[in-house]
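Residue numbering begins at 1 within each chain, and the chains themselves are lettered A, B, C, D and E in the order written.
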Amino acid sequence: MGDVFSVILTSAALLFYVAGTVGLIRFPDTHSRLHALTKADNLGLGLLILGLMAQADGWVTLGKLLLTWVLALIAAGAAAQLVARTALGDRR
Amino acid sequence: MTLAFDLVLCAMIVGAAICAAVAGTIFAAAVFFIVYGIFVSLAWLRLDAFDVALAEAAMGAGLTGILLLRALGRMPASEDRPGPALAPALAGAGLALALGWAFLALPESAGLGPVVRNAAPGAGAENPVTAVLLAFRAWDTLLETIVLLAALLGVWALSRDEAWGLPPGLPQRVRPDGVLAGFGRILPPIGAVVGVYLVWAGTSRPGGAFQGGTVLAAVALLVSMAGLAQAPRVTSGALRLVLVAGPLVFLGMAFIGAVLSLWQPGAAFLALPEAHAKSLILGIELMLTLSIAVTLAALVAGPPEDRA
Amino acid sequence: MTALLPLLILMTSAVPAVITFFLAEDSHRLRNTLNLAGAVLKLALIVFMLREVAAGTVYETRLNFAPGLYLLLRADALSLLFLTLSAFLWLLTTVYAIAYFEKEHDLSRFFGFFSLCVAATTGIALSGTLISFFIFYELLTLSTWPLVVHKQDDKSLAAGRSYLSYALPGSAVLLIAIIWLESATGPLEFAMPHPLGGLEEASLRAIFALFILGLGVKAALVPLHGWLPGAMAAPAPVSALLHAVAVVKAGAFGIVRVIYDVFGIGLVAQLGVGLPLAMLASVTIIWGSIRALQQTEVKKRLAFSTVSQVSYIILGAALAGPYAVIGGLVHLVHQGLMKITLFFCAGIYQERAGITRIEDLGGIGPRMPWTSVAFSLGAMGMIGLPPMAGFITKLYLGIGAIEAGAPWVVAVLAGSTLLNAAYFLPLLYRIWFLPGNEDLPVAPAPGLVVPAAVTAAAALGAGLFAGAAMSPLGWATLIVTREYMP
Amino acid sequence: MSLILPLLAAVPLLGAIAAVLAPRAGKGIGLGVAIVLLAALAVLVGGLNTPVVLPLGGWEPPLGIALRVDGLAAAFLGLAAVVMTGVLIAAPYRGAGREAAAFWPLALLLWGALNAIFLSRDLFNLYVGLELLTLAAVALAALSGSAGALAAAIRYMVFALMGSLLFLLGVALTYAAHGALDLAALPGRNPQPTDALAAGLMTAGLLVKTALFPFHAWLAPAHSGAPAPASAMLSALVPKASFYILLRLWFEALPDLGRPGFLWLMGALGTAAILYGGVMALRQARLKLVIAYSTVAQIGYLFLVFPLAGGGGAAQPWAAGAWTGVVFHALAHGLAKAAMFLCAGLWLAAAGNDRIEALRGAARATPMAVFAFALAAISLMGLPPSGGFTAKYLMVTSAFAAGAPYWALGPLLGGLLAAAYLYRPIAAAFAPVEPELRPVPRGQQAVPLALALGAIVLGLASAPPFDLLQIGRPEAAARGVE
Amino acid sequence: MNVTVLGLCGALLVGIGVFAFLWQRHLLRRVLAFNVIGSGIFLYLGAAGARGGAADPVPHALIITGIVVALSASALAVALVLAHLHASSATRLPEDEP
C-alpha cells in the first residue's frame, strides 16, 4: 500500500520538477525564472519527501526528511530574494 | 536495474565534468563544477562510502565551489582562449585509456577491509573509517591537519603588508535587517547542531571530524557574511590558539604516548591507551573539528584585505 | 713515528696557511715569523729525512676516504728530490716576499694562499697514489689562482682566467685518464708496480696520451703553454716560486711519475710512446727558445725560457737511458735554482730600478753589483757554461741521448744552447758593458738581494760539487740506481 | 632509541605551532628546534648500526604506518638539520609583521615535512608529506609578494599540483593492485601487470617535483624570486625530498622493475639537465638566477644513479659506489647551494640588487662571504678536497667500471660548466674597483662559511659518511669500488 | 559490475581533468581541472577498493584525507591566483600571455 502511495507522489514531484525546468528555460527574465525555480522545485521536493516518508522505517528518518525539506525551503527562499535584489541592481 | 542507475549517474557525472572543463564562461564552469561535485557524492553513496560522500559534498562540491565563485567575483571578465588542444587531448585520452585498462587488469580485491574491520573495535571506534583515520593511520590525519594549517599560513602571507592585522577576508557590507541577515540568524543554530552531531556520530556511524568541521565552517562563513559577528583579527592570539588547538592536542597526546613508552611497553608514539581509547578519540576529534572549522572558514574567506 | 713524518711535513706548510688566513692585516711580525718558522721547521724535517731515506727507511701515511679512495703520503727518493727543492726555495722566497711587499694590503690573504700552495706542492711530491697526486694537483691550481690575481688589476685577472681555462680542462682530462686506468687495474700505488695487462695496447696508448695532455698543461708543453707567459703579470715572488718551481715542476714531476712508476720503462718502450714524447719535448725546447728571443720584456723572456727548460726534464725522462734520466731529474733541481735566481733579480730590477724592458737594462751592472752578478751566474747556468749546474744537465742529457741511440737529441741540445746564448748574452752585455743613465736612484734592498745571491751560489755549488753524494746530481743518481735500474 | 624518531618527526611541527602562537619569538623557537634536532640526530647517528623501525601507534604495517631510519635516511635528516639550522640562524626576519609571522612557521613546517618524508615507509604518507612540503615551499616562494615572485610561485604551484596528482594516481594504482602501501611489504607481493603503469606515474610525478630537465621550467624563477633564506631551503632541500622518494621507490619497493630502457632514459635526462642547466647558468645576468640554474644542472647528476646502479645492475660491485656517490653529491650540493644562496642574500641586501656587476670589489667588502662562495663553488665544480669531488670520483669510477664511460661525460662536463658559470661572480668579486657594498657584519657571513666548510669537510672526512650510508642499504655491496 | 562502471567513470574523469588542466590557460580553470582530476582519482581508488563485495575502509580514509589536502591546495592556489591578478593584472601565467 505504502509503495503505491510513494509512486504516485514521486511521479507528481517529477511533474513539478519538469515544470520548474521548463519555466527556467522558457521565461524571458531573471525574476520570472526565479518564480519557476523556487516555487515549482520546492513543491516538487515537498511531494518527493512525502512520498519517501512512506518508506521511512522510523521516526528518526522521518524527522530527518522533514528537516531536509525545511532547510531546503529556507535556503531557496533566501537565495531567491538575494538573487532578485542583485538582479534589480541595488545592493542587498 | 541498479546498473541502469549507475550508467545514468556516470553519464551525468561525465557530462557535468565535460561542461565544467569546456564551458564558455568561467562562471558556467564553476556552477557545473558544483553540480559535478553533487553527482560525485551520489556516486560515493552507490559505493556505500557514506563518510566520503559527506566529505565530497561538503568539501569537494561545497567549499571548493565557494572558493571558485568568490574568486570569480573578484576577476575581470577576460576572454580566455585556451592553448593548443591536440597534445592535452592525447595526454588525457592516453591516461584515461591506460587507467581503464589497468582497472580491468587489476587482480581480485586484495584490500585490508577484513583486517581493519576486526581490529577497529580495539582501536576505540566502531566506524572502521574513523578507526583508520584516527588510530591506524593517525599520522596521516595529523599531517593532514598540518597541511591545512600550512595552506592557511600561505594564504595569509599573500595579503599586502598594509592589510596585515585586519580580519581575514573581504569586509562585508550587509543591510542590517535584510534577508541575508535574517537567513544568517536562522541557519547557524541548526548548522551547529548538525555539525556537532556529525562529529559525535563519527565514531560509530558515518561522519567525523572533517565532515562536521566543514559544516561548522559553513556556519561560521554564513555568520560573517551576514555581518552578524566580526571575525577576529589575523594577529589575534585567540584565533591562532583555536587554529592550532587540534593539531596541538593530537601531537601532544602522541608525544605523551612516546614518552610513556620509555617505561610502559604498551604505550608508543601516536598510540592511544587501550582502556579509554574511545573517549580519547572523541576528545581529539572534537578539538580537531574546532580547528578544522576555523581553518576552513579562514581559508575560504581568504587573506585579510583592506577597503580596496 | 715513520707513519707521521710525511703528514707532519705537509702540516708544516698547511697549518701556517690556515692560521695566516685569520690573522689581522697589520700583524706583519706575527705573520712573518709564523711563515718563516714553518719553512725552517720543514727544511729541518726534510734534511733529517734525507739521511733516513738514503739509509733505506720508508715513510708512509695512509688516510682512508672511502673504499677505493684513500690518500697515501709516501716519502721515496724521487719525492725527496722535489721536496728538498721546494722547501729550500720556499724559505728563500718567503724572505724575498716579506721584503718585496713590506706594507701592502691583503698580505694575510697572500701569505695564506702562498703557504697553501707550497703545502699542495709538498703533497704532490709526497703522494703515493695517482688519486692523492690528483687531489694535490687540483689543490695547487686552486691555491695558485688567488696568487696570480693578487694585484686584482685587469691584466692579472685576465691572466688568472687564461690560467684556469687551461688548468681545469687539463685536470678533467687527467681525472679521466686516472679513472680509466684504475677501473681496469684497481687503485695504483707508485711503490708496487702493477702489471697493466688488464687493458689492451690501444687503450693504454690512449691513456698515456691523456696523461701527457693532462700533465702537459702544467708542464707547459708546446700547445698547452699559453697560460705561462700571461701569468707573469703576478707579483715577482709569485712568478719566482710558482712558475719557476712549484706549478711547472709539478707537471714535469707528474710525467716522470707516470712514465716510471705507473707505466714502467719497459711498457713505455713496448708501447712506443717514449719517442713521440721526446720529440714533443724537443719541439717545446726549440719553440720556447725562439719565442723567448722575440720578447722585449725581461720577465716574458724568462717565462718562455722556463717553457723550454722544463722540457729538458721531460726529454730526459722520455729517453729512458740511465744517463738521460739522471740528467732530466737533476735538471729539475738545477733549473729551479737558476730560474728562481733570474726571477728574483728581475723582480729586484723591476721593484728597485723600475726596469721591465730589456733596453733599459743598460749599465745597471755597476749600479746594482750583487743583483747583476747573481743574474749573470743564473744566465750562464741557463746557457750551460761550466762550472754552472746547467752544464752538468746538458752533459748528462747528451751522453744519455747517444746511449739511447737518439743522436738527433744532441743536435737539439746544441741548438738550444745556442738559442739560450742568443737570448741571454745580449742581456749580460747590456748590464755590464753599455752605459746607462747614472742618475737613476737605486734603493739598496738587502732583503731582496740576499735570497738572489744565495740561490745563485747554490746553483754554482750544485755545479761545482756535483760529485758529492748529497749534491742534486748525487741524489738523482741514487734515485736512478735504486728505483729505476735495479 | 624509541624516543628519537618521534622527536625527529614531531618537534619541527610542534615548533611551527608554537611559532604560529607566538610570532615575535619565531627565531628563538626555530633555534630551539634546531638544537633539539641536532642533539637527537647526534645520538641517532652515534648509535645507528642497523635500521631502526617504529610502527606508529603500535600498529604494524600494512595496517599502520611505520617510520624507519637507515643510513640513507640518517644522511638526509642530517643534511636537512644542518641546512635548516644555518638558514634559521641567517634569516633576518624580526617582529610580527606579515613576512616574519609567515616565515618562521612555514620554515619549520617545511622542516617537519622533510623529516616526515625521510622517515616514512608508507606511500600515501609520503604523498601527504610531499604535499605539505609543496604548500610550504610555494608559500615561501611567494613570501616577498613582488609580481615576479608571485608569477613564479603560481607556476611552481601549477607544476607541483600536476606532479602530486600523478604521484597520487600511482599510489592509488599500487594500493588497488597490492592492497598494501608499505615500502617493505611491496617487494613481497607478486608482481601485477599494472605495476609498470603505477611506477611510471609515480616516477613522472616525482620528476616534475624534482624539476628534472624537461620539467625544470618552474625552478629557476621560483628559487631566484624567493627571499634568500627561503631560496636556500628550496634549492638545497626540496628537490632532494622527491628524489629521496624515487630512490626508495626504485631501489627498495620495485627493485627489479627497472628495465634498461627506462634506466637509460633517466641517465640521458640527467646528462641533458647537467648540460642545459650549465649553459643557461652561463647566460644569466643575475647572481640568484645563475645559482638557480646551477641547481637545475646539479639535480641532473642525481639521476645518473639509475643507469649506474639501477635495475638488475644493483648487485654489481660498482653499484655501491655509484649509489653512495650520488647520495654524497646530494649532500654536498645541499650544503654548498645553501651557502651560495645565503651569500647571494647578503650581497643583495648590501648592494640593493643581485646583478653580477654589483658584486665588483666584494672580496674587499665581504671577504668571508666571498671565501664561503668560493668554497661552495669548489664543491659544485667537483674539485678536491670537497664532497663534490668524492661524489664525482665515485660516479665516474662506477661509470668506467660498468663499462659505460659515456655516463662519466655528465659529471666531467658539468664540473667544467660549473667552473665557467661560477667564475664570473668570483672574478667580479676580485675586481679592483672600490666596493659600493654596504659593510656586512662578520657574524652574518659566518653561517654561509660554516655551510661551505661543511661541503669541504664532507670531502676530507668522507669515510664515516660512507660507512653510515651502507647501513640498511639495499644490496649493500660491502666492498668498495674495485 | 556497477563498481566497474564507476571505476571506468573515474578513469574517464581523470582523462577529462588532465585534458582541461593542460588545455586551459586561465588559472582558475586549471584549479578547477585540478579538482576534477583529484575527484576522478578518488572515485577510481574507491571503486577499486569496493570490487570485493565488502567495502574496504582504508581507501575511504585515504580519500577523505586526499579531499582535505586537495581542498587546502586549491585554497592556496586560488589565493595565489588572486594575488597574481592583483600584482600583474593577469589571469594567466606570464608565458601564456597571447
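The rule is short, and it goes like this: a residue touches a chain if its C-beta (ideal position, glycine included) is under 8 Å from a C-beta of that chain, and two chains touch if they have at least 3 such contacts.
Everything numeric in this text was worked out from a predicted model, so none of it was measured.
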| item | value |
| --- | --- |
| Steps needed, at minimum, to go from chain B to chain E via contacts | 1 |
| Shared chain contacts [chain A and chain B, defined touch] | none |
| Central chain (distance from its CA mean to the mean of all protein CA atoms) | D |
| Label of the chain whose CA centroid is most distant from the centroid of chain D | A |
| Farthest-lying chain, centroid of Cα atoms versus that of chain B | C |
| Cα-centroid distance, chain C relative to chain D, in whole angstrom | 43 |
| For chain A paired with chain E, centre-to-centre distance based on mean C-alpha positions, whole Å | 31 |
| Centroid distance [mean C-alpha coordinates] between chain E and chain C, Å | 68 |
| Junction residues of chain E - those touching two or more other chains | 14, 21, 44, 48-49, 58-59, 62, 65, 69, 72-73, 76, 80-81, 83 |
| Residue numbers of chain A (touch at least two other chains) | none |
| Junction residues of chain D - those touching two or more other chains | 124, 128, 131, 135, 138-139, 142, 145, 150, 169, 176 |
| Each pair of chains that touches, named by its two labels | A-B, B-D, B-E, C-D, D-E |
| Footprint of chain B on chain A - complex, ascending | 67, 71, 74-75, 78, 81-82, 85, 91-92 |
| Contact set on chain D toward chain C in their complex | 321, 324, 363, 367, 378, 381, 383-385, 389-390, 393-394, 396-397, 400-401, 405, 408, 412, 415-416, 419, 423, 427, 430-432, 459, 462-463, 466, 479-482 |
| Contact footprint of chain D on chain C as seen in their complex | 64-69, 109, 131, 134-136, 138-139, 141-142, 146, 149, 151-154, 157, 160-161, 164, 168-169, 171-172, 175-176, 179-180, 182-183, 186 |
| Interface residues, chain B side, partner chain E - complex | 2-3, 6-7, 10, 13-14, 17-18, 20-22, 26, 29-30, 33, 36-37, 40, 43-44, 46-49, 51-52, 55-56, 59-60, 63-64, 67-68, 70-72, 74-76, 78, 80-85, 87-89, 91-93, 95-97, 99-100, 102-104, 106, 108-109, 111-114, 116-117, 120, 128-129, 131-133, 136-137, 140-141, 144, 147-148, 150-152, 154-155, 158, 160, 208, 210, 296, 299-300, 302-303 |
| In the complex with chain B, residue positions of chain E that touch it | 1-26, 28-29, 31-33, 35-36, 39-40, 42-44, 46-65, 67-76, 78-83, 85-86, 91-92, 96, 98 |
